[in-house]
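Each of the next two complexes has subunit A plus one more chain, namely subunit B in the first and subunit C in the second.
Let's look at the complex of A and B:
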């Protein structure tokens, strides 16, 4: 521990936690609105977005890629809506049509263009590169107070910190309309909440979270963090405020525990190589969900109560 | 990358290898076609039960099974790449994934969509963990397991091709056996139960079929995109018919077409993964259906709306002509001129004058009928377009005319 931990593990853990929080926050509302799979759809279409950006700019640069992913996410949401309305198709199927098609398009274009010179492939989009986000200037805990060393932090950290802050602030600012529109859309519309705008805003916010997070941590964590921490939190409490707080706790717990288990677990077990941190974080979040499903105080449907099994 | 590095074991005779490729391609194309048909039909019932995305959880949940099967086979000294073994492992973990979805959505307050998302991401994440374990194993360096993510038929072994063809045939046979009960449950659950069908068991059989399609499709389509073969063809087929049986058959045809096209196109170009080609073919069929299907397609709806608009404008134009009012709307006048009912300056032609008088009479009859309690039921059908002669008998019309023509209130 100490210097080595700060250099190799501190930045990935912080980045993983920020990504988890960024996704879990809007995930709470998606979950309650029965739109949990929007996160899944968005993270599938991130790939065609970055491929598109690569085709346009010819290089792997972060900003164009994030812009491309954002455009793709919004295009996907628009397409789901269009397919649903034009064909009067149920949302799940409309989503399935949209994200598989866009993902397939992304893979196909990727395979047909020469990306051998750049690091751009499906695996990267799925699994991210959390492990490689090391802090070379971090010589020890004292580096946290050293401006020169702090400047050497992976740029993903700053980006995610900003994205997470923006998401948290927006949710805090629009808490009341969000809560109203989530629990009782009819009532919310009656008291003057722009229900459609709130719904759209939430989806845009989710897209922002997914796009900001995927670059560092890959799609798997994004999907898992959209659903698992909020789902776990939902089984712990009936109050939305508490649920959001629990979800942030579970998100950070998954990220920290997952990263540590992936990095050090195999060594404790006598192995030599670390396993995928992204995969392990998703696994841990699933374990937490399973535990809550078994023992969570609010695991049953309201009305079923403790007595009626 | 999912690529083409998994070449056939060299036999030393290039010519025979070439022949092998042709024969393998045929086998794989057959398997993909049969699989596509099964997927389309099975997916129809899944779609009609509004559970299309459960298949997404099932397919992603195959990954840990694949990884564990590889590790186990290597541990027991076998070849970790044995496709049959990998598929058996994938079936087992997909089954666990399905159970997890059902357990979460039934035993807890989480909705099914949340359960699906949780299971697919967690199982897939754990699968990725196992893949990284395999990469560090001696035998795992060239496992090529990621070809199962996106599907690849390039350089497939003879045994694998046979397995896929047989798997495709097997799923199709199962579909043929289960089609009737699945159709009944999808059409009317209560009726099916009354007819003595065990609905939960039929649902379970549907899910087993989805699982079989997923497992057989792993090598061809890949686990990320196999769900498309279960969702897109039924959604496309739904545009063409309202009858469950026909939708299922058409979805099967679409799926089969997509499967065959994907397998053949991919075999012709090594760097072309099969899965995306299959998905995009299916999507092309969907797009054609969305726009051009009769009745439910977008084009048909647009034409219908346009016709409706024309009828409204013509009717209003004729009423204006009959009452000697000027026509302000340029579109209305254009329609009247087009049909030879009015001159460009807004004066009715002889034909137009006749039609206008008829329209006015129709409107008067309607007004009279709507004022009469006796015609209340018919009055509700008034939309300003339907001719009253199509709604009432000649006797009733004559009665109306009598009321219109005769002096009112004087008996």
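Let's look at the complex of A and C:
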């Protein structure tokens, strides 16, 4: 674990971990509100948003693409609401209809657009480019103290660090309204919590996480991290505070373990090529969920008499 | 369409009586619409200080909707609500609410004590930490409903009656002067029903006001001293003698109550 690790693996692992945390944090609340599919929906509609931003600006620049993705995410949320109300369709189906349609639209537009000269394709949208986010200036652990070397870190790292910090701070700040509105919306409204604003704020936070993470790690990881770490964490504890802590732990564990297994696993097994880090990270997060479903201490819950509706 | 309905309702309202200042809650012309149909239509109600009022009426009469709309939890098309002589928004600290038990997911990751502490969130605000005194107070609230031995229990493991008592303990933690309860006796065991009614009568004895959506006509006269009889519109309101009469019940329930049943109720 020396200079080679710092140059080739450190930045992708940190970026993967930050992306996982950014998605897992709001994912806890989406899961408990039975809106887990919102994460799925948002990460799919990011593609048409980015393609449209590219069409409008004609360049692959970060800010317009993030803005386009953000606009697409909000448009999707509005469309889900519209489909649900106008069509009187249950929320899960409304989300499914919206995100498959918008993702397909993104693929169509992408196909009809000349993007041959830029790095913009469906594969990139799904898998990201985690492996390519190397730190050329990272000559060893001592580079972490070298400002010149730090300036050469992939820009995705800084963006994700900021997004993760913003998401974590807002969830900490509005912990009580979020918890109240998630558990008991009627009671929350009675004590003066603006429940609709809280619900919308959670979706906006999720969109921020998806957009910030998407460029670096692709939508496979984003979708998995909204659901798998919180789902695994729920099986470990019966307290919300502990669930969120566990979800961060499982998010980081998935990112680190998945990246290492993707890079070295095939070699250990006698193969030659590494496999996709994004695919492996998402797979590991699913395996952790399976393990928690079999062995997690809070997997057996008997709400027999309470009559949950 | 809603806007026009609202305008019409407001115009109608101007001719109505002015709110009485000192009642814990005063509702004027409350109208709620679900999918274009009125669920509650132009209902007036006054909840008197130190009284226990039952909101009764047939299924689908809008009892729960009335309560939720009065509290601003579901949007109202029209109507004015004042609490303790002030607009509702500024009086929320004096009001406690117990939603229907089935309206929440009891699989939520929380312990009994966590739920009771939610009753203190308004006082604590966003970030002020829960102190040892707050925890002690929450335990006292649990003791008042006979649930002090369950503080560390995961809420998904409670029976229906135990869950209802935890909800009541959370309302007690709100330290309110007006308690509004939505079907507190629905699907609970007899011991829980007795425990809850003792707590509610204790609140009344302290001069606080209790309002409950209630479905069991046989116990109305034992538990309550006032009645609001609803069937979308207000059918009757007042003391038991004024409003809990066979004629009013017949008007609210129509043919759904046998005459013999009505006679028995009227003689209690």
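Just so it is clear, the second predicted complex is superposed on the first by the 302 of 309 C-alpha atoms of A that agree within 3 Å, B and C clash if a C-alpha of one lies under 4 Å from a C-alpha of the other, contacts with A are read in each partner's own complex, and residues count from 1 in each chain.
Going forward, a contact is a pair of C-beta atoms (placed from the backbone, for glycine too) under 8 Å apart; a residue touches a chain by one contact, two chains touch by 3 or more.
If you're wondering where the values come from, they're calculated on a predicted model, not measured in any experiment.
Note on subunit A: of its two partners subunit C and subunit B, the one contacting more of its residues is B. Looking at the shared chain after the overlay, A:291 reaches neither subunit B nor subunit C.
In the superposition on chain A, A:136 contacts neither subunit B nor subunit C. Using the contact criterion defined above for the overlaid structures, shared-chain residue A:165 touches neither subunit B nor subunit C, since it reaches no partner. In the superposed model, A:183 makes contact with subunit C only, not with subunit B. Of the two partner chains placed around the shared chain by superposition, neither subunit B nor subunit C is touched by A:3.
When the shared chain is aligned, subunit B comes close enough to touch A:90, but subunit C does not.
In the superposition on chain A, contact of A:78 is made with neither subunit B nor subunit C. When both complexes are overlaid on chain A, the residue A:234 reaches subunit B and subunit C alike. The interface of subunit A with subunit B overlaps its interface with subunit C at residues 34, 234, 298, 301-302.
Listed in rising order, the residues of subunit A touching subunit B in the complex are 31, 34-37, 39-40, 83, 86-90, 92-97, 100-101, 103-105, 107-108, 111-112, 121-123, 126-127, 220-221, 223-224, 226-228, 231, 234-235, 262, 266, 271-276, 278-283, 285-286, 289, 293, 296, 298-302. Those residues of subunit B that touch subunit A in the complex are listed here as 1-2, 47, 50-53, 56, 103-104, 107-111, 113-114, 116-118, 120-129, 131-133, 136, 146, 149-150, 224-225, 227-228, 231-232, 234-235, 238-239, 271-273, 275-277, 279-280, 283, 286, 290, 296, 298. By the touch criterion stated above, subunit C contacts subunit A in their complex at residues 68, 71-73, 89, 92, 95, 97, 99, 101-111, 114-115, 118, 121-122, 124, 126-127, 154-163, 170, 174, 187. Those residues of subunit A whose C-beta lies close enough to touch subunit C in the complex are 32, 34, 173-177, 179-180, 182-187, 189-192, 234, 237-240, 242-243, 298, 301-309.
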